[in-house]
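The structures considered in this document are given below.
Both of the next two complexes hold subunit A, though its partner changes from subunit B to subunit C.
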Partner chain A sequence: MRHDLPQPSVDDIQALIDGQLHLEGPLLPILHAIQEEFGHVPEAAIPLVAESLNLTRAEVHGVMSFYHDFREVPAGRHVVRICRAEACQSMGANVLAEETLAKLGLEWHGTTANGAVTIEPVYCLGLCACAPAAMVDGRVVGRVDAAKMDEIIAEAGA
Partner chain B sequence: MKDFIIPWDDADMGTPVSKSEKMITLTIDGSEITVPEGTSVMRASAEAGIQVPKLCASDNLEAFGSCRLCVVEIEGRRGTPASCTTPVSEGMVVHTQSSKVKKIRKGVMELYVSDHPLDCLTCSANGDCELQDMAGMVGLRDVRYTPGQNHYDPSGTGARSQAEAKLRMPTGDLGNPLFTPKDDSNPYFTYDPSKCIVCSRCVRACEEVQGTFALTIEGRGFGSRVSAGAAMDDFLSSDCVSCGACVQACPTATLQEKSVAELGTPERAVITTCAYCGVGCSFKAEMNGDELVRMTPYKHGKANRGHSCVKGRFAYGYANHKDRILNPMIRDTIHDPWREVSWEEALDFAARRMKGLQERYGRKSVGVITSSRCTNEETYLVQKLARGVFLNNNTDTCARVCHSPTGYGLGQTFGTSAGTQDFDSVEATDVMVVIGANPTDAHPVFGSRMKKRLREGAKLIVIDPRRIDLVKSAHVEAAHHLALRPGTNVAVVTALAHVIVTEGLMDEAYIRERCDWNEFQEYAEFVSQDRHSPEATESLTGVPAEELRAAARLYATGGNGAIYYGLGVTEHSQGSTTVMGIANLAMLTGNVGGNGMGVNPLRGQNNVQGSCDMGSFPHELPGYRHVKNADVRAIFEQAWGVQIDPEPGLRIPNMLDAAVDGTFKGLYCQGEDILQSDPDTKHVAAGLAAMECVIVHDLFLNETANYAHVFLPGSTFLEKDGTFTNAERRINRVRRVMAPKNGYADWEVTQLLANAMGADWTYTHPTQIMDEIAATTPSFAGVSYELLEEKGSVQWPVNEAHPEGTPLMHVDGFVRGKGRFIVTEYVATEERTGPRFPLLLTTGRILSQYNVGAQTRRTENSVWHKEDVLEIHPHDAETRGVTDGAWIRLASRSGETTLRAKITDRVSPGVVYTTFHHPDTQANVVTTDFSDWATNCPEYKVTAVQVAPSNGPSDWQEDYAAQAAQARRILPAAE
Partner chain C sequence: MKIYVPMDSAAKALGADAVAEAIRDEAEARGITAQIVRNGTRGMVWLEPLVEVETPEGRMAWGPMTPADAHRLFDAAEDDPKALGLTEELEWMRRQTRLTFARCGVIDPLSLEEYEAHGGLKGLRRALAMKGEEIVDEVKYSGLRGRGGAGFPTGIKWDTVRLAHADRKYIVCNADEGDSGTFADRMIMEGDPFSLIEGMAIAGLATGATHGFVYLRSEYPDAIAVMNAAVKIARDAGVLGGDVLGSGRAFDMEIRVGAGAYVCGEETSLLNSLEGKRGVVRAKPPLPALEGAFGKPTVVNNVISLATVPVIFEHGAQYYADFGLGRSKGTIPVQIAGNVARGGLFETAFGMPLGELVDDIAGGTATGRPVKAVQIGGPLGAYFPRSKFDTPFGYEEFDGQGGLIGHAGLVVFDDSADMLGMARFAMEFCAVESCGKCTPCRIGAVRGVETIDRIARGDADAAGLLTDLCETMKDGSLCALGGFTPYPVMSALTHFPDDFATSKEAAE
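Right, the complex of A and B next:
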């Protein structure tokens, strides 16, 4: 267990689970609700979700790890996603991504030490006509070059 | 997966067999084949003798269609469908070897191999690897992909040994984020993610076969890998119960037995039967020479259908444990150290003492205890020793302390002393009632079959003071859990009957046709009385009336109802009454005589059914025939050439009482540890100490041996031929895979002892003993080793009417004629709670340990259960100042012991629970000598106790440990 992370109480997690139990197929809505609340799905939530749905920890883990957007640790205050799909790659996304990561000293999915920015890959934002594309806190940005990326990162406070 | 070891019919057919009766004819590669509708093209091909390449398919799992290796071409259809997921259809024309599919297969294999370390020659699955086989089968000659970011450590590729691979492996950062090291946490197998091909067979086996759902595929795409539990788990900390199904399913070395890694690929296999619980699983003992490499479940075993549990699959190491005694030993008194002697000297010593005791104290002063762990043939000989050589009926068996009420209760009501169904019958059950049993722990393989049926939609009612795993575990939830107070079984069962009768839910036509109508009316009048209503008994039993009514309605109206029960029913002062009450419920609702129904005692030990069948009880000759019947005696008198005593002999508790009184002096105890397993340990110890000749015949110096004068070393199930009879009356062959390490199989030792006492037995193989059993015992009349070789196994009765055995009993009517309803009046046990002992203790066992633990404690299974703990409800713990894991003193009117507490709401307030696997806890010091009114089966399940914090072992535990250490001294062998 990561002790450096916030540890929500069992009751708080359980309340979120109980709020979704009336749904058909409630596992994904529960994981969404927990991530919404805490910014990630804490390890401690897995057994509680499993118990509530009469599943095993393994099953919940299997589902959660299948979806990249469920986080085991919270992201930074801002999330920058750089598209790595074919159209963007052909327009220089690989170099853009490498430079950005190098500049921040991060690996994919890493967060800057001050907690400002998390850099993630994404595979097609449907913005191929404006490649290379990125997404900043849910907002898409087109024609991202090095200068624009610097601007984005500076704005995010990294 | 080891197709080459056993040729016969052990090949993997790819997908499960279809049960359809409609037949379909199709053509595969020019051959016509007819198979049942619903069969896959893959299986049809296999049945035509054509193997389609496959990796993710296995015939114990539903088709999955993920590996894409089994693609075929079908005339008139587009594309290349996967043969495992494509069902056959009439007139279909299939080509398994077109140039198109061959090209696809090669391409797929190339991709698999591009992410697989090619250290085949030093890999533990070498010669037993399906990936290797399939690469050969599809003719893979080239891998065009250059090494990139892989799951394995590329520096190890081409290493000439695993050690070299390890040496080459860079420490610290491997530069390969996808590489995950081996998971070594399970004591019996390893998980090596670098060799995983993500076929999901292990995950599906864990779900479909075992029903534990401990495994999953984590991640997605190229990054996906098998994961036990969640991110923070390894195999040991996950929900894994180590049943071995995943290891068996794995086509590569990803999940591999440590024994195979150490000893190499086995070269042959022998089919035999597990010697743990009453399920009686068939296993392949896979051997190199006379060395056992591994045990794998045999898929044609009719009890287990290819499944296993952690005990049978892995816990066989006790056979080679250093504690095992291999030489006979004697001593004059139990205060002397043991002296190792020759077999001749030990047998002569034993025979002289026993004969002397009979001369001095009378013919009836000695007796035997037969073993439910030994074979039918061995048990038959031990009771023959009592009846034919000692010339008395002083024979009893450990069934006395477990299922003797079953024998009595079902004999009285139905006419046979055994369960009515086979295990396959559960597949047709709609409502299961589990009473006083914990199948997922004590009969795990059958528990998995139950869970499978429950996931298919069958309903479950659990009647148990404790919330067993079946009540709620992944994908299984009981419709009703009647958490009764220990000791009130009869009241609950009668209240269920009350609801069925007063609400008119009984099957009157069935009762009129099959049962005695007058007895039924008397019974109906009795149960209809208001005092038996759930409302009236609620305060007594603690079961809410509405819950009980709903459960009764479900059982009576839910379709095929099957009752499974265990020692939670029998080990009570009213054990026999509850068994009869259960039989009444089944007759009331017409639930005996068909598939998916019945009354099914889950027998505890591998051969407890057989030991009862073989005449181990003091009042019954083999086949449950009373010794007072002169014509039955005449059969054996003629066969054995002796006069058989017409008076029943002593039961175990009577033997001990008589020993304390000074009239019972000598005992031959084979394969049973009565000191640890029987109730009221102090009384047992006093009885044994008062005897002048105790002969213990066992693998280990068990607790009883502390009071023995002669120790005869025993042989394991791997070292002898014979048969075991499981809980469904199935007679399974036990086959010798190695020579007895102690020199003699147990049946030979009994024969030597008999002959030393003047008998003239001349058996040279157990088959001759079975022939004698068949000749003297009607229900075994048709049994012979030839039949067992041919059929694999048979269920008794095997006679002229049923030459191939009898899977279902009472099909056209009850064996005794008319089914008999017996009035079941509830009488509270005399063991009551009071101010000094306010809690009720009940006992049971857990998955990884087995009974007194003589075997499992001597294996790695102790990883899962190192010591017995006392389960106590948080409320009871709090009022006593008991914390989780703290030492506590557990005291009853009989005695006291100490152990650690585990706080859990699995038990109700007022109830505590423990296991009896460890001799240093001695839970039976606490249990009382109350017993079943009909059969003396001890009341293990109800003891009034008090719990208090403690500092350490009780005086008894310290005295006992000191005495045991004294009694186990062995003198060095004289030169």
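Right, the complex of A and C next:
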């Protein structure tokens, strides 16, 4: 569990919801806004979102769990996403991913014990002509080899 | 001194930001005033970061640049190995027909002034003087077909929406470019965002829609930032809003961010997602053109289809239709990716044979080993062996060879590729990304993985079962995810039987 992010209060969550209510189809923008603020969508947000949109809690949970992006618990301080799609595979992404996970002793979606890094799979970053690709938080990296990955992991503090 | 350093994600992924900084420092140290413009990419990803310096003769290209190379631009030694010559004279550039991507990499993506100076908004101004029916006819005459992969005639889709009666209509741009090997949508959104905005505005005028959405995948944070900035600039300049270019007509739009579901690239699933629901596929009919976003008539078009519309209105439908092959009119931005010596975006008229793209334009593999297979059209596209390299790039031509062009991405594999592994991955991907609505896809993909594992273990009967399963998925699935997953699987099994047999023998 991370403690360096602001702890959500009911008022904070409601303010984020209210900020999106003018949109048509506001549920995804609301979930994105909450996740951007808190690093995850806290359980406490579900009934508030449901109430605001006149949905059931099950419906909100159903939407949230459908999409890969939304987290119920916060990730590590840095998220390294390794592309697993075909173009990256053609340039050795499978070996890169396996070695990275083995080095850190993690499975996909796992977080290092010190909370520094979460490793996630991603299916295509649109960097298929400079494969294999990865994304460190919001920053894209192309032609990632073992040395470059070591650098990324070290920088992230794993 | 005017210097261009791309801000495209591919360039950034290869260090463009650090290069831009090093050039700024170097200029400062030399007391030179340098104006650094962050442009889109020219599409030559293997040369990125590709830096250009404006000279009286034209823009000179330098690449691939590293921060340590910054001094070269100022020393400009005659025999510098990183000096590539005039950008426009490079073979990759000369051999293209850049219509949709004409401005990409040339202008500052967020300068509306430069956009207009390079032909931008001419198409919209022309469309503003036309009736909806005339606009639709122009698109029909151009022969433009959906560039997302389905190849449906864009003008006919627009006409259906135009003729529908409703109090509101929508233009939805499908920017959920999830197919591996494709990045044309990302490139144009990052490099020439106003072309997409202009295309959507023209679609609005044609159909009577006054609001647009761009559904943009969350994996593209750079494109999201550029598109949001561009929409704001266009709105402030009166290109979008209640009075488009002073015409009294209204069209506005917003950017919506996806949440990591591949299936949302399917149009009905995308519409559900836009409405804030699970991205589950809808049965058709009703067509989205009649009951689309929020139950209203909706045009759903791919980024490239919409970004090509301004070109058609700037130069005329006939000009566009004169390019191409058979019923595949105009140009197609081919994205060359994977294990290639020269990867990037190459826009050309339909008709270039696959082999020419792979061997000649891309220069074969990056590893220098022989090309074994090329997957065309993303994770749902077929693997083509060398024996099919004479297939000309066109919708019907690829269909006739048991494949599809999809979003025109080519992923090249060298001879180390394990095609059984790739077939398994296709099924695994379908299982992970299936929306769960229809059984052939939801259950079929899981059984597909298991069946391929049986083949790998040497079970001789499993190949027939896999073929049977693929037929069921193809005919019985609601959308292209389950329906097209058999393309990569069956093409791998059919064209590379050795990869399936070898594992059998190994097991025995």
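By definition in this document, the second predicted complex is superposed on the first by the 151 of 158 C-alpha atoms of A that agree within 3 Å, B and C clash if a C-alpha of one lies under 4 Å from a C-alpha of the other, contacts with A are read in each partner's own complex, and residues count from 1 in each chain.
Here is the rule we use: contacts are C-beta pairs under 8 Å (C-beta built on N, C-alpha and C of every residue); 3 or more make two chains touch, one makes a residue touch a chain.
Owing to the predicted nature of the structure, the values given are computational and were not obtained by experimental measurement.
J.: Just to be sure I read the superposition right, which of the two partners does A:133 touch: subunit B = first, subunit C = second, or both, or neither?
T.: After superposing on A, A:133 lies in contact with subunit C but is clear of subunit B.
J.: So, does A:66 touch the first partner subunit B, the second partner subunit C, both, or neither?
T.: In the superposed model, A:66 contacts both subunit B and subunit C.
J.: After superposing on the shared chain, does subunit C or subunit B touch more subunit A residues?
T.: On the superposition, C touches more of the residues of subunit A.
J.: Could you say whether A:43 touches subunit B, subunit C, both of them, or neither, answering first, second, both or neither?
T.: first
J.: In the overlay, answer first, second, both or neither for which of subunit B and subunit C A:54 touches.
T.: The first partner, subunit B, only.
J.: Under the stated touch criterion, which partner chain does A:87 make contact with: subunit B (first), subunit C (second), both, or neither?
T.: Second partner only, subunit C.
J.: Going by the contact definition given at the top, which residues of subunit A touch subunit B in one complex and subunit C in the other?
T.: 62, 66, 68.
J.: Quick check: in the complex, which residue numbers of subunit A touch subunit C?
T.: 23-29, 31-32, 53, 62-63, 66-70, 85-91, 122-131, 133, 135, 138-143
J.: Please give the residue numbers of subunit B that touch subunit A in the complex, ascending.
T.: Counting only subunit B, the residues touching subunit A are 212-220, 227-233, 238-239, 472-477.
J.: Mind listing the subunit C positions that touch subunit A in their complex?
T.: Interface residues on subunit C, with respect to subunit A: 9-10, 12-14, 45-46, 48, 177-183, 185-186, 218-222, 254, 256-262, 273-280, 293-294, 335-340, 343-345, 366, 375, 379, 409, 411-414, 417, 422, 425, 429, 433, 435.
J.: Applying the document's contact rule, which stretches of subunit A touch subunit B when the two form their complex?
T.: Of all residues in subunit A, those touching subunit B are 1, 43, 46-47, 50, 54-62, 65-66, 68, 72.
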